[in-house]
Amino acid sequence: MARAVAIIGVGQTKHGRRNEVTYPDMVREAVQAVFAETGLDPKDIDGIVCGTMPSMMEGVALTHFYFADALGAVGKPMMKTETCGTTGMSLAHTGYYWVASGMADLVLVVGSEKMYEGDSQATMSTVMEPFYLRPFLTGAPGVFSIQAQQWMARYKIPEEKSREAAAKISVDHHRDAHDNPYAHIKVDLTLEDVKNSRVINYPIRFWDVCPNSDGACAVIFASEDQAKKMSLKPAWVKGLGFCGDEYWYGDSDKVAWQCAMIAAKQAYDLAGISNPRRELNVAEIYNPFTWIEMLHYECFGFSEPGRACDDVLKGVFARGGELPCDPSGGVLCTNPIGATALIRVAETALQVTGQAGAHQIEGAKLGLAHGLGGVSQFNGLMILGSEL
Amino acid sequence: MVTLSRDGKPVIKAEALVTYELALGPTWNRFFEGLKEEKILGNRCPRCRRVLVPARTFCPRCFVDMGEWLEVAQEGELVGWSLTEIEYFGMPTPPPFVTAFVTLDGADCKFMHLLGGIDLSGIDVVRKQIWNGMRVKIVWNEEKNGTIMDIKYFAPVG
Amino acid sequence: MNKKAAIVEAAQSPGTAFSENYLDQLYRVCREVLDKAGLKREEIGTVVSAASDVFHGGVSCANAYYWDSGAGFLKSGTRQDGESLLAFQYGVMRILTGHYDTVLVLGICKGSENPENDALTHYFADPFYQRQVGLNETFAAALQMRAYMTRHRVSEEQCAKVVVKNLGNALGNPYAHLRKKVTVEDVLNSPRVMDPLKKMECAPKSDGIVAMVLASEEKAEKLTDKPVWFKGFGSSMDTFYLGDRDLLDGQLKNAAQRAYRMAGINDPGKEIDLAEVTEPYAFQELLWYEGLGFCGPGEGGRFLDSGATQKDGRLPVNPSGGVLAMNPYVSRGLYRLAEVVLQIKGQAGERQVDKKIKTGLAHGTHGFAGQFHAVAVVGTD
Amino acid sequence: MTKHFKTLKHNIWLPYQYAVGPVFNRFYEGLKEEKIWANQCPACSKMLVPPRSFCPHCSVDMGEWVEAAQEGKIVTWMTANEPFFGQPVQPPLIGALIHLDGTDCNFLHLVGGLDLNDSAALKEKIKAGSRVRAVWRAEKKGEMLDIMYFQPIS
């Protein structure tokens, strides 16, 4: 395998409605946080990777020009990675490969989004081409509601049961978010609150859906030499995977979802994981919708096909359960899209290095971070561990 | 000019409008010509034998040119649907509407359009009228422009 | 870990507006490069593409839309936004780690589907300051050209000669968008759209899809008897606001030095045999000669006059016709590299230069007045 | 231009609401009072205009606010002769980088207040080093064009 690579520090902004600062200033907040955390400064950095959602979302095209100063990128090599919702994970992959290839020793990776500056639903409809799909697919909830229905139909999951499990996920995550100082939405909900909330796209209701957030996340990737030189707790990259489906939403099976399964297998193979449910201690699943989180439990081998609801209801994935998922509150509580999957990576790094604070999963040594994107089309993963 | 956002912070409001012009190419062209004649055209991959609709130039999996063109059925099975009631900026289809995800008889992929001919006044009303697994058929608009909206919608059969 | 990476094959589409659907055209170029390399789609390890959402027909999340056409079904992949040479860098990175033995690298832009490039570059500007003053790429380039003329006494004739050279070279390039014989007078008499820039000194808006197969050393030697080896890469970013920068002493020097250091090049003027540079505005080719170290500061005009960069010169620059002859905005950097590869392989047809090319350089730039530069060095050993 | 093949035209039409933040907000407030604010980097001492929240060179928070001079000299300029997308005013127009006295960067704005069709006069008055002074719009909106343009002074 390639050179060993570690994450040696992460920085996040406070996520939420951030109309009080300009976009570059918000990006800089995350950059300053990771420099404060690691004791490094811009002159130590060999390269910078940044990314967001499409320019249509930002209202500024090719934002790396605009953010150059805020990133401390002046005079530095840069890359800009964007793959839709998976952007944050693809950013982490770029940072990883830059270091693993030997072309850089310290790479700063930054993902960001200011969703209150644009119109996320209107932007999402521009992801659909105008010949065929654009008039029918209404942003992410429409896409995912259809996927959720297919999943329930395939495995004959009673609607009531999946509703109950989805509601439990929502209640748990929103409670967990209280322990995450950076989370956006922190509320105390009951199962009834979720089940009686407004329908967005059936069966998905208001509390099954992630919010719009402003926020940024910064992560520093380091070579083995650099990581060992610094007195920081490194989270080692043990494996990574990425896989993409056809663009045409009707072409592939979104239930026994090959692109999710293949991406996971790539990561597990590199990390030497054969039984993810037993070997992983924590996972940060990209869960913009409660049902989609359950679908991923199955595709990633945490649950048998069609059995994720049962496992959720048994508490397998709750804090204190067998494999806690999204102890940070996940995407369901915080969603600055271009940063979202990178936050999954950052949170996993905090967990496996024992630095997650109030939402720490005790003894976590091996964790999985996930990103989802495209027209429910891309899955990307990164496995992080406390040991080289 | 600076105005205040809903939470009282200074913001600059703006709208961006840019126009793009996309080449249809022969495959979309033939598919849309078919719609004008009330035909749904698909084509078959010579390697994996799947029938894809709308018709394609190449098979995404086998990465070879598609083969024989054929007309697929105008009836099929509803496999997913979604009711949209909330309007957002610049939405191409005014709500409420139901998006239908349908396997047309004889096709090896799913096709997407609207579902109509039903009462759309709220999710509870809609749920009583449609369900996954039900049969639906294509209803055509009288006036054809060679676009995807030449199809009016899918309607329940019977 | 793989020690080396090579470009095995390259394929490109022509710059004139093509009537085919963009996805189909991308599929054809991918097919062509895979067939040339003798690879099936299934055999490609990973796909690294470059595209930009605003320069992408108004379909955002570009990589989602073209995933199938780019041979991506059930593959690992990623996308670079902006400068397409970065997709090459990333492809090389993926090979060097040993995770993949082959990478398909794509640069994608169908300019004929987009509004004027400057309607889009206007959105590079921040909404608070530069956008309110109307800044776009040509606006910024015109300011840069005037500064160049003022400080270094570069003449309008020298700038016009770049157009004469490059469009003349394009006559031998069947893929070029603009192919015509022009004189210095033609250029100087073309409308002064954004003075001092004349219309003919500004690159057109072109279609252009380019694909390359990269491979590890072991694999490359199986796939081709003429591998073109990766030797060095460098990039550098400048400050955002135009007024904060010295427009004539930008980041190209930094980017080039990084690439030269990696490639072990000490005297680029002597060791580089051929270069393809990104010159969306004629005078920039002269300025980039300086940044690349082909001549000293302020000497770009005289370097051109010396004839060194002509097709039969000591250091031919843009024998393909460059970006002035063809400007698929996003993929233009990767086109430069594809042209260098063809020259090194001796497969450049009518535009093949009349000497052996051992080491070639490809340059890409994006942003106002060259805010960002990338330089790739490749060669026969 | 009409194409010889079939195409589909479509619009991307999207709304934005850009957060201004305290620095630009104060700068815009200054424009309303016919003041051009700048601020200084505590590390490199550079005086930057418009003011910033942080120094692009040193990455540190900016320090003291100072009113910049409304006069300076032209560093470089261009003339737009045809209409273009996003034009601030109807062309012909002159865009310029102007070095305001006492600052350490160049300020992007327009040059005007003279007959733009009189090329001899332009050649005479618009040069690198020509002195210019800000001319204010009567009705202020708190935006860049509250300064109408910079006019050459003899």
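Things worth noting here:
Order of writing sets the labels: A, B, C and D. Residues in every chain begin at 1.
Here, a residue touches a chain if its C-beta (ideal position, glycine included) is under 8 Å from a C-beta of that chain, and two chains touch if they have at least 3 such contacts.
Quick caveat, the model's predicted, so the values are computed rather than measured.
Farthest chain from chain B, judged by C-alpha centroids: D.
Note on interfaces B-D and A-C: more C-beta pairs are in contact across A-C. Mean C-alpha position of chain B lies 47 Å from that of chain D.
Chain A and chain C have Cα centroids separated by 33 Å. Once the centre of each chain is set as its mean CA position, chain B and chain C turn out to be 38 Å apart. Taking each chain's centre as the average of its CA atoms, chain A and chain B sit 29 Å apart.
Multi-chain contact residues of chain C (touching two or more other chains): 17, 19, 54, 58, 68, 73-74, 112-113, 115, 119-120, 123, 127-128, 239-241.
Shown for chain A are the residues in touch with two or more other chains, namely 19-20, 22, 56, 59, 68-69, 74, 116-117, 119, 122-123, 126, 129-131, 246, 248. In chain D, 3, 5, 7-8, 10-12, 14-21, 24, 56-57, 143 are the positions where the chain touches two or more neighbouring chains simultaneously. Chain-to-chain contact here is organised exhaustively, every possible pair of chains being in touch. In the complex of the two chains, the chain C residues touching chain D come out as 17, 19, 58, 112-113, 115-116, 118-119, 122, 127-136, 138-139, 142-147, 150, 191-197, 239-244, 247.
Across the complex, chain D meets chain A through its residues 8, 10, 12, 14-24, 53-54, 56-57, 59. Against chain C, the residues of chain D that register as touching in their complex are 3-5, 7, 10-12, 16, 18, 20, 24, 48, 50, 56-57, 75-82, 84-89, 93, 95-97, 105-110, 128, 143-145. The part of chain C that touches chain A in the complex is made up of residues 1, 52-54, 58-68, 72-83, 86, 89-90, 92-94, 96-99, 120-121, 123-128, 233-241, 251, 254-255, 258, 366-368, 371-372.
Looking at the complex, you find that chain A touches chain D at residues 18-23, 25, 28, 41-42, 56, 59, 68-70, 72, 74, 114, 116-119, 122-123, 126, 130-131.
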